[in-house]
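The data blocks that follow each hold one structure.
Here come two complexes built around subunit A, the first alongside subunit B, the second alongside subunit C.
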Partner chain A sequence: MEHAWPALALSLKVAGWSTAINLVLGVGVGFLLARWRFPGRDLLDTLLTLPMVMPPTVLGYYLLVLIGRRGALGAWLHEQFGINLIFTWQGAVIAASVVAFPLVFKPARAAFEAVDGQLEQAARVLGISEPAVFFRVTLPLAWRGILAGVLLAFARALGEFGATLMVAGNIPGKTQTLSIAMYEAVQAGQDDTANILVLITSVVCITVLLTAGRLAPGRIANQ
Partner chain B sequence: MKLPTFKHLVAALGITVAVGFAHAGELTVSAAASLTNAFKDMAASYEVQHAGSKVFVNFGASGALLQQMVKGAPVDIFASADQETMDAAEKQGLVAAKDRRNFVRNTLVVVVPSDSKMPIGRLEDLGLPAVQKVAFGNPTSVPVGRYAQHALEAAKLWPAVSGKAINTENVRQSLDYVARGEVDAGFVYATDAAIMPDKVTVAFDVPLDRAISYPIAKTLASANATEAENFIAYVLSPAGQAILNKYGFQKP
Partner chain C sequence: MQLDIDIRKTLRSGKREFHLDVRLQCSNQRTVIVGPSGAGKSLMLKAIAGLLRPDSGHIRLDGQVLFDAEAGIDLPPQARGVAYVFQDYALFPHLSVRQNIAFALARGWLNPRQHGQHGRDASVEYWLDAFQLGHLAHQFPSELSGGQRQRTALARALVAKPRALLLDEPFAAVDPTLRVAMRSELDELQQRLQVPMVLITHDPEDATVFGAHVLSMHQGRIEAESGMTEICYN
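The block that comes next holds the complex of A and B.
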């Protein structure tokens, strides 16, 4: 039970960071794929969407092999910078980010593709710089679709379990997120703890969804 | 082509479910993770000896297997890696005391990655500052973690080592983390270490004040009690013991 609040705090931290990362990466890549035509674009889109359909255990294994101490990237990070990602909350952020990435990237690409090119053209004719066109015309028009994806990604990251367990392990107070604490409680037959964790998780999820519902119309009205 | 109607789908589903329930000579064995390789072998050779029987083996940490049964999992046989978990099963009315048999013994060891250069040769060395991560099963549900905790507590090393713990879901996960070099050392059974001789090295045997002895029992809820008794008899028979011995388990 004493692990419930640290687990909640950690879950929110991990979900928050991974959502921030995906906001930048997912929106950026979504924009590039919506606007750029290049050979292999469909293949790249497929690869980037894979985490949505692949089992989290497969992703966890990929990550373990890639960023583990003996992985190609992990060994390099360890030698060059002394960075070790396995069994750290940063590792959990990476796992959650990979799993939730398609949920931001897919709607973002669709939203950018739906933006009327004539409006951007008009802005350019009026002499606005390219970055300004993106931030003052394209992004506000696509914002609704992006926001929906971002909220879904946050919720998905909050509930991430499989890949996180494999990459970050289960260390109370360090990498034990709500869903992992929940799993441990059930495995150990601690139903009292499980009940409390389920309650906390449900309240958090309902709050996220309610906030999402309130936030979205307001943002759209401002457009 | 005519598409199948909803009625067809329901009928197909019904047949599938009915077939799933119908089998008679089927056994479900919940066995401790450390028994994975040995019991896969055991099930296969039992099926050869008993034509028409089908043995499904469900592996996991003993504590996790117990919780599945507490919540109503249809299990015929339970094989635990420690007496404590079987005691709990007995207390919950899942197995009867008279059905319990100790069928095998094991040794607790500390393994290190085979390319490790750390001077780990006895329990005290795990307290060294250079040793940062030690994998062992989560003591709340994994017997090997409990054995490790007992050994460390008896040696008054628990406060120094518990902060380095990487909790795992079962003994094989600890083994895997050591084999990948993600941790500096890990507590596993001698039989687990023998699965990956090229990737892990046994640093030392861990002294324990009690034997690691595995109990097996048919469950009171078993729908197939005779078959369950047959399987347990096979595990205890010379043929069954030979299979366990092949994987490094010791006689009970």
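The block that comes next holds the complex of A and C.
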């Protein structure tokens, strides 16, 4: 029971950070793939969508290979900056970000592709600079579709289990997130704790899904 | 308005090819280009506005080079100082009539606010009044009729004080009964403001009404109505 609230707090922190990261990366990559034609675009789209279908444990393993102490990136980070990501909450953020990325990037790309290019042209002819066209026309028109994806990504990151366990482990109060605490509670036969954790997770996820449903593109008053 | 166009552009779609080959010089306030759909009229207008990059040639407006393939000049649409009224008006659906009209006045990364500095700009008020849009200022484009949309689009274009007004089938999106009224409205407006205008249309009736300098266009080429390309008058 005493692990429930720290686990919830940690899960919210991890989900919050990973959502913020995906908001920037997912929207940016979604925009580039929607507007830029280059060879290998479909292949890149496929690779970036992989986290949606691959088992989280496999993703966790890839991450260990990449950012582990002996991993290509991990060794460099450790040598240059003394940074170690394995068994830290920051590692959990990276794991959750990778797993939830396609949920932001996919809808963002679709939302950008649905924006009528003529509206952007109209803004350009009116003398508006390229960045301003993005922030004043493209983004506001794509916003609802993006936000729906962002909320789904938050819910997904909140419940992340497999990849997080591989990368960040299970250290109570440090890297033990909600779903990992739940797994441990069930394993240890602590049904009270498990019940509360299940309840909290369900309420949060239902709230997020209801909100996402309200924002989904189909609901916009037809413009 | 001194408009000097000499451009070529080849477009491919699958196995089909379309050649745009436009030579046009005129120095009058009104030019109407008539041609069937698919003749390349919109492409030519887009090239003037900087929305389509020709393969070769040049475009000059009032002595300023907007595009010159040989000299490597291609001004972005933002720097050309022309206004483009799209066939379906391309009003910003997320902005009110007032915000649409004030759009070009706000130069930063934020849209003009309904009651902010740009929304209350004197020229915005002027155009809202002139086009009888005052009572619709807070409405969104989806709530407007065809005629109101067109007036909003014209106001949005004119607020930016363009050197030339490019009109792409301005009456195609409204029903025939309204069309007659809107033609005379635009006719009167153009005479009052003395804004040079290039109008493209598939409807010969438009040419009769605006009739100053009428050219016809077929399969990517301009042919003068009278058989001569040099005729220009006010």
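The rule is simple: the second predicted complex is superposed on the first by the 207 of 223 C-alpha atoms of A that agree within 3 Å, B and C clash if a C-alpha of one lies under 4 Å from a C-alpha of the other, contacts with A are read in each partner's own complex, and residues count from 1 in each chain.
Note that contacts are C-beta pairs under 8 Å (C-beta built on N, C-alpha and C of every residue); 3 or more make two chains touch, one makes a residue touch a chain.
None of these values were measured; they are calculated from a predicted model.
J.: Subunit A superposed: clash or fit between subunit B and subunit C?
T.: Subunit B/subunit C on subunit A - fit side by side.
J.: Based on the superposed arrangement, let me know which partner A:A123 touches: subunit B (first), subunit C (second), both, or neither?
T.: Once the two structures are laid over each other on A, A:A123 reaches subunit C alone.
J.: A:I86 contacts which: subunit B (first), subunit C (second), both, neither?
T.: Once the two structures are laid over each other on A, A:I86 reaches subunit B alone.
J.: Who wins on subunit A residues touched, subunit B or subunit C?
T.: It is C that touches the greater number of subunit A residues.
J.: Have a look at where A:L64 lands relative to subunit B and subunit C in the superposition and call it first, second, both or neither.
T.: Only subunit B; A:L64 stays clear of subunit C.
J.: Should A:A34 be classified as contacting the first partner (subunit B), the second (subunit C), both, or neither?
T.: neither
J.: Between the C-alpha centres of subunit B and subunit C, what angle is found at the C-alpha centre of subunit A, to the nearest 10 degrees?
T.: It is 160 degrees after superposition, to the nearest 10.
J.: Where does A:V137 make contact in the superposed view: on subunit B (first), on subunit C (second), on both, or on neither?
T.: After superposing on A, A:V137 lies in contact with subunit C but is clear of subunit B.
J.: Which value in Å is the smallest Cα separation between subunit B and subunit C when the structures are fitted on chain A?
T.: Least C-alpha distance after superposition: 33 Å.
J.: Please identify the positions on subunit A that touch both subunit B and subunit C, taking each partner from its own complex.
T.: none
J.: Please give the residue numbers of subunit A that touch subunit B in the complex, ascending.
T.: Going through subunit A, the ones touching subunit B are 64, 68-70, 86-87, 165, 169-172, 184, 186-190.
J.: Which of the residues in subunit C come into contact with subunit A in the complex?
T.: 49-51, 76-84, 86, 88, 90, 92-94, 103-104, 107-111, 140-142, 156-157, 160
J.: Enumerate the contact residues on subunit B facing subunit A in the complex.
T.: For this pair, the touching residues of subunit B are 61, 63-64, 66-67, 70, 133, 138, 140-141, 165-169, 180-182.
J.: Give every residue of subunit A touching subunit C within the complex, in rising order.
T.: By the definition above, subunit A touches subunit C via 116, 118-119, 121-129, 131-132, 135-137, 140-141, 221-223.
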